[in-house]
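First up is the structure itself, then whatever we jot down about it.
Going by the order they are written in, the chains are A, B, C and D; count residues from 1 in each one.
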Amino acid sequence: MKRIAVLTSGGDAPGMNAAIRAVVRCGIAAGFEVYGVNHGYNGLIAGLFRQMGPRDVSGIIQAGGTVLGSSRSEEFETEPGRERAVKNLTGRKIDALVVIGGNGSQTGAYLLNEMGFPTVGIASTIDNDLYGTDQSIGVDTALNIALEAIDRLKVTASSHQRAHIVETMGRDHGYLALMSGIAGGAEHIIIPEVETTPDKIGAVIKKTYDSGKSHCLIVAAEGADWNAERILAHFRGKPELGFSLRATILGHVQRGGAPTAFDRLLATRLGMAAVDQLTEGKSGILLGLACGEIKTIPLAEVKNHKKTLDLKILAAAEKLAI
Amino acid sequence: MKRIAVLTSGGDAPGMNAAIRAVVRCGIAAGFEVYGVNHGYNGLIAGLFRQMGPRDVSGIIQAGGTVLGSSRSEEFETEPGRERAVKNLTGRKIDALVVIGGNGSQTGAYLLNEMGFPTVGIASTIDNDLYGTDQSIGVDTALNIALEAIDRLKVTASSHQRAHIVETMGRDHGYLALMSGIAGGAEHIIIPEVETTPDKIGAVIKKTYDSGKSHCLIVAAEGADWNAERILAHFRGKPELGFSLRATILGHVQRGGAPTAFDRLLATRLGMAAVDQLTEGKSGILLGLACGEIKTIPLAEVKNHKKTLDLKILAAAEKLAI
Amino acid sequence: MKRIAVLTSGGDAPGMNAAIRAVVRCGIAAGFEVYGVNHGYNGLIAGLFRQMGPRDVSGIIQAGGTVLGSSRSEEFETEPGRERAVKNLTGRKIDALVVIGGNGSQTGAYLLNEMGFPTVGIASTIDNDLYGTDQSIGVDTALNIALEAIDRLKVTASSHQRAHIVETMGRDHGYLALMSGIAGGAEHIIIPEVETTPDKIGAVIKKTYDSGKSHCLIVAAEGADWNAERILAHFRGKPELGFSLRATILGHVQRGGAPTAFDRLLATRLGMAAVDQLTEGKSGILLGLACGEIKTIPLAEVKNHKKTLDLKILAAAEKLAI
Amino acid sequence: MKRIAVLTSGGDAPGMNAAIRAVVRCGIAAGFEVYGVNHGYNGLIAGLFRQMGPRDVSGIIQAGGTVLGSSRSEEFETEPGRERAVKNLTGRKIDALVVIGGNGSQTGAYLLNEMGFPTVGIASTIDNDLYGTDQSIGVDTALNIALEAIDRLKVTASSHQRAHIVETMGRDHGYLALMSGIAGGAEHIIIPEVETTPDKIGAVIKKTYDSGKSHCLIVAAEGADWNAERILAHFRGKPELGFSLRATILGHVQRGGAPTAFDRLLATRLGMAAVDQLTEGKSGILLGLACGEIKTIPLAEVKNHKKTLDLKILAAAEKLAI
């Protein structure tokens, strides 16, 4: 193997740059030439390659985002699109590709590999919904960003006797909401995986008020049945539950900013491991953290399964918030 | 003078606790007994007083929010409400009151003083719209919180070639939006004081894209004619301007969390000055920062004037964002 | 079992409060009365117990330090000291004890349990040197604090063409130095487990300068053979290596401040698990994180073994810093 | 005037980049060509000029340090050195120079201007000791960094009943120590401007312990007569004062990292004002913040006077810490 390429795809996640840096520097140390692809799969189709040396990844380990840029590529979902991509890769005599991204990106990696182009994935998504991986690049940072906002909101809610709904990212998967809710001491956590009702929500708010607490914190995932907007709309005009109700939708700030130590280390180790795998001639696998170690899982398995959320800690949430 | 009371009123602002602490400790050092009032003017009407000693304000200088709690009191806007408040104060032999808050709160302070009860105000509001004060308690912290979110959003926007609208607090006053926009390097700033049009907004976005920048940042005040929601709704479905459009409404996080050094120092100095004024038998004034120093301004003037925003720096915003 | 007690011992670690909170609230939910012991083993010997209810641990999940206080107890290392401790426990009809702390504290827990008093340990130390545990409470936060300082120092070092030595905590164990070094992109990492020489250090500095980098970062553990002070003293007056040399000893800031999401979640889960163990009548074990899950390990094993540092990632440090 | 140059000199200060950005973009908007000089006065002597366009200062407003690099130049203190510098400037047809830096740098600016080369200074130093300026670029950020460390140390000191000495930067000027001490709620503040004795220090520690507080915080400037090292050495081996004694020397972290909102805004406004001054043909002045506004002061006055520290707030420190 002489040449490898690396790209970042899908939603950006803090730590992607640390992974790029590890792939580039360890790749070079392993004797490869390393090419970066700009703008994810769109860039692969457009042929946006540039060779990268050690100095090209200087100072990026603490930077959020991705220096290569990213994209969600509709064209790559088509066969002609993928054929063009492979053509660009082989045309530049590139022997293998590293794909840093989440579910959609890894499905793309699977397809590329099936077409005969050796591809290796690195698990990176703040949603933390990649099958076979306990925690992806970007999750720890997103959790801490959500937690910082939650800590701030508790302060102001306490000053005004308020119930505050904080909506985190998470369209299908409630990991961020669940974990930031537990870490933030939320009185109630609402996730897509578990149904709730406005009566239940109202009961929690009222019970918290009656217990003498100075605020009530509810954390909801954006994709939950009852998210911030819907809850506010429901309780508007209705008799108060003791606390007045406010909401904050955290949005895209959860993606941005300097990656934490955990994410830099995870990303670095995954980048190193990707180079190791390629050195050994392996491909068609996703690298991620499982049971505390860097493990590989066949991309076919990742594509064919849906990650389920461990709900054991949700059961404890109520006890913890008494 | 033997007894003074202190309360926090209206929206909470980071630094209020540092002001309370200074009033309590300097008040005691000046020979006063100091009473805290819980829950702002509502608590004044309900008679929620508690005497405070040095240990009651331990460890609060770095805490956001207010240990006394706050409120927006409808009852205090009525004469009977205010009469009850004065009755509670004189009933406990309290000689003067310190009111930490923004415009509404200082209007209340003015009225109390007019009724013959010596009252002194401390300028505190993240909107920074108190006449006669260049910068109130809470503004520096709110600015830095907004800036932190802006820095994060620029990172993720750059990864995806996006234009991002960040909406800050500021229903009538554009200070937060203007200053966080300049400090965040925004391409466009939208405030209540200056009209804009969607054509102008669209032109900025397009020009930024054409200039080769990797993102476009627009900061808008919540009370501006064209805020985040309105802008998004307008451009939905229309031909793209190069960048795709996203928005984040910062909301209440801007109120919460540990006050910065500036706010702790300002609040401390204002609390000290309030005690000095009362020691000299002064009242009916607001204490705030003007021209770099702690100054007093008659509450009557504060009530009768509207603070205008210095727009000189807005003119520079375009040059700075080329 | 009707009554349990909980104490924090040894160096404080961010997240201890989250663990206390979980023990208290889950303990109460499980039907126990929960007693907090002030000031660690010294307080156990002095009989400083106080019953704790849900409100006593309100708002502490985000607080660093420990609301119970801590100590390093010389008296507890003696048999009479421990006998007094047991007497105090049984005198108050306490059935079991939870000890939150590091190596010294867990040795104390082992001894208490050997004396017949049911004791369960929770792994908490920023040194991360507890045998059988991959990561203790406090480590993630300490890592991020060190990293924040490292990020700041790289900025100023780059402005002045400097080599900067950052010394982290770690008297016998190099985990903090190793991981913050990798996450911070250090050119060289010096830990107690691996010998180095000033010639090697000088060679790294010179090579970094010659490679055109604008700064050189060296991370050293306080207990390493060549720590900051020793390195500075050695190179003082000698011919320069391209960069001028500076050092910062991080010290106790690494212990303080709000725990990260990881530490709050780990501490919460360990506290929950401790209550589960006691409910099942188990004792004489330490609870910690191993292979990504909460596991138990007999206190006897913890006491009798020394944790070794996984040096694999150190080998990669050089490749990563090219 | 057609060409201007800008350099940063002396110790780096967070916000320098925001000032460079404003000089470049406003300079270009005013019709100038703008040249950056690398490595301060050393670079001026070596002729390290590079023309700068708007894209050269993209994304630097939030970056600490200085993209131009800095130096403390011994050669510039000599007449031949300065003559070479002027020769390089005139050789490239540069009409004026902007110097961003502290006292030493502004003395250099004064000398250049005296030699007939139009020079304008921008006040930038974390020591805050420039005569005629209330607050320089970098001070607010350095204060907040010191404060963050102080907040962390109070947390851990409280857990262990300790007295902690925090040493800030400030060789001759106690501003940082004084203000971070007040904002951090220090029990005692030690600065170069005011003498103290170990007896006085010991008395404060003992009195704090006796009052029942859980910790004692002392903030000392590095250049104070009794700094951290000296205090520790003095009390070593002596009978304890209730609390055990620890110290942290903050060092260079105070220079690094992202500038706060205040510093970005101040730096931006100073950069804009510098361009305005040059447009009007002014020179030989320093631009800084005084009485809340951007003001000019003749470089001759800056050079000939020493800034004194306003000690009024120091007197209040004791009352505030009761």
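We take it that a residue touches a chain if its C-beta (ideal position, glycine included) is under 8 Å from a C-beta of that chain, and two chains touch if they have at least 3 such contacts.
Quick caveat, the model's predicted, so the values are computed rather than measured.
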| item | value |
| --- | --- |
| Number of hops, chain B to chain C, where each hop joins two touching chains | 2 |
| Relative to chain A, chain with the most remote C-alpha centre | D |
| Length of the line joining the C-alpha centres of chain C and chain D, rounded to whole Å | 35 |
| Centre-to-centre distance between chain D and chain B (centres being mean Cα positions), rounded to whole Å | 28 |
| Whole-Å separation of chain centres (CA-atom averages), chain A against chain D | 40 |
| Sequence positions of chain A contacting 2 or more other chains | 151, 154 |
| Chain contact graph, described as a line, ring, star, complete graph or other shape | ring |
| Inter-chain touch pairs (all) | A-B, A-C, B-D, C-D |
| Sites on chain D touched by chain B in the complex | 21-22, 25-26, 28-29, 54-55, 58-59, 61-62, 134, 140, 143-144, 146-147, 151, 154, 179-180, 182-185, 212-213, 258, 260-262, 264-265, 268-269, 272, 289-293, 313, 316, 319-322 |
| Residues of chain D that touch chain C when the two form their complex | 8, 12, 63-66, 69-71, 145, 148-149, 151-161, 164, 214, 246-249, 251-253, 255-257 |
